[in-house]
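In what comes next, chain A is part of two complexes: it sits with chain B in the first one and with chain C in the second one.
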Partner chain A sequence: MSILHTVNKSPFQKNDLESCLAHVNSNDAVLLIEDGVYGAISGTRFSVLTSSSDADIYCLKADLDARGIDPDKLTDGVKLIDYDGFVDLVAQNDAVNSWL
Partner chain B sequence: MFAHQKSQANRDVGEKNTVKFAIIVNEGPYTHQASDTAYQFARATLAKGHEIVRVFFYHDGVNNGTKLAVPPQDDRHIPNNWAQLGKDNNLDLVLCIAAAQRRGILDEKEAKRQGKETDNVIDGFRISGLGQLIEAGIQADRTITFGD
Partner chain C sequence: MSEDMQEEAEGTVKKFMYVNRKAPYGTIYALEALEVVLIGAAFDQDVSLAFIDDGVFQLSNGQNTTDIGIKNFSPAFGALGDYDVSKLYVEKESMDERGLALDDLMELTWEDEDDDWEEKPSIHLVSREEMKTILGNQDVILSF
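On to the complex of A and B.
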């Protein structure tokens, strides 16, 4: 059983990302979308959490671009995907949990 | 494809490459970003040849189905975009009836019944009950929620 977790809130505003990362299993995937992409920026107190997570961490490029964040600023290991990749992630995992 | 691709998930969706999706939209248009994300996701899903068994609009999400929205001409028209996507792909776009009535989203029949002077549901959307959400969840391989 693998779950795709989507996080759409900035970790600087809500603790959804922290809660999510505390609950994921190693075969899960986490996708940062909307304001959630702020959690993918390196050098913050959240980059330690994302880089040390057992789960694969993804970030939606369209939402990163919309916020003017340079992809070079991403935490190491965070993978950039587009909407096609988003659809693939949903299809490849058994279920989706949206952290709303 | 992704390195972490799951064997279990692949078994579930079987040999077929087509996956059935149910999409839930819990947020109104022009609020934060959920209806935009859901719309882009729906488009990408269809572009990849997958199937969307239903899009269920719940809570403030029912406001995506109003035909009275008049956004500035240089802005995206979210309700019309949904209606057009639905028309082009024969999608079942369902507005939750309890959420719709509370928010003044009425189809022709209901507007008449309530003695209102107009209805405001766009062609292509329909109003129905929560059973449609449950059914979509059963019929779909994957259910995904967009909201605030």
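On to the complex of A and C.
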């Protein structure tokens, strides 16, 4: 079994990302969307968490672009995907946990 | 009829997990989650609940909402056993962080049909590691 976790809140405002990363299994995927993409920026107190996670971390490019975040600023290991990639992740995993 | 639809028609039981991560009265999430749990239970699915982060506050005993004008829905947790919802997983780390012990929570039980209707506790204190495994074994996860 593998779970796709989506996080849509800024980690500076809510603990969703931290709690999510504390509950993922190694075969899971985490996708940062909407304000969740702020959690993908390198050099923050959350970049250690994302870079050390066993799960694959993805970030939705449309939401990154909308917020003017340069993809070069992403934490190493975070994979950038588009909406088609989002659909692929949903299809590849057995269930989705949308952290609210 | 497709194979999937046939399975549905024959009544496949799926594992449904309702994840509660918010305190009871500051937002409407906790009450709405409980409503959805009761709906899911009526469809004879394999239902369980997880209480993580501030979600553990939902199970505090002695809740009294008289003076805030909001319905105290905590007694409804006591009815879950009657709907065969007997798996309430409460994360120990979240309890510890908030200074809570099992004694601070409501006493929730269910009656085991296969064991001469013996009353058994519904609340299961689990570690974060155990919670990870439980979450990883669900067919459907609904997060609140």
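As a convention for this text, the second predicted complex is superposed on the first by the 100 of 100 C-alpha atoms of A that agree within 3 Å, B and C clash if a C-alpha of one lies under 4 Å from a C-alpha of the other, contacts with A are read in each partner's own complex, and residues count from 1 in each chain.
Heads up, the rule we're going with is that contacts are C-beta pairs under 8 Å (C-beta built on N, C-alpha and C of every residue); 3 or more make two chains touch, one makes a residue touch a chain.
The shown structure was predicted, so the numbers you read here are calculated from the model rather than taken from an experiment.
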Task = Answer with clash or fit: chain B and chain C placed together on chain A by superposition.
result = fit
Query = Of chain B and chain C, which one touches more residues of chain A?
reply = B
Task = Using the superposition on chain A described above, determine whether A:1 touches chain B (first), chain C (second), both, or neither.
result = both
Query = A:86 contacts which: chain B (first), chain C (second), both, neither?
reply = first
Ask   = Touch check for A:48: first (chain B), second (chain C), both, or neither?
value = neither
Ask   = What is the C-alpha-centre angle with chain A at the apex and chain B, chain C at the ends, nearest 10 degrees?
value = 60
Inquiry  = With both complexes superposed on chain A, which partner does A:22 reach: first (chain B), second (chain C), both or neither?
reply    = second
Request  = Pick one for A:99: touches chain B only (first), chain C only (second), both, or neither.
outcome  = second
Ask   = Closest pair of CA atoms, one in chain B and one in chain C, after superposing: how far apart in Å?
value = 6
Ask   = Which parts of chain A are in contact with chain B and also with chain C?
value = 1-2, 94-96, 98, 100
Message = Can you tell me which positions in chain A touch chain C when the two form their complex?
response = 1-3, 15, 19, 22-25, 28, 94-100
Message = Looking at the complex, which residues from chain A come into contact with chain B?
response = 1-2, 6, 8, 27, 29, 33-35, 56, 62-63, 83-96, 98, 100
Query = Along chain B, where are the residues that touch chain A in the complex?
reply = 1-6, 8-10, 12-13, 19, 21, 26, 32-34, 37, 40-41, 43-45, 47-48, 50, 141-148
Query = Across the complex, what residues on chain C touch chain A?
reply = 19, 21, 29, 52-53, 128, 131-133, 135-141, 143-144
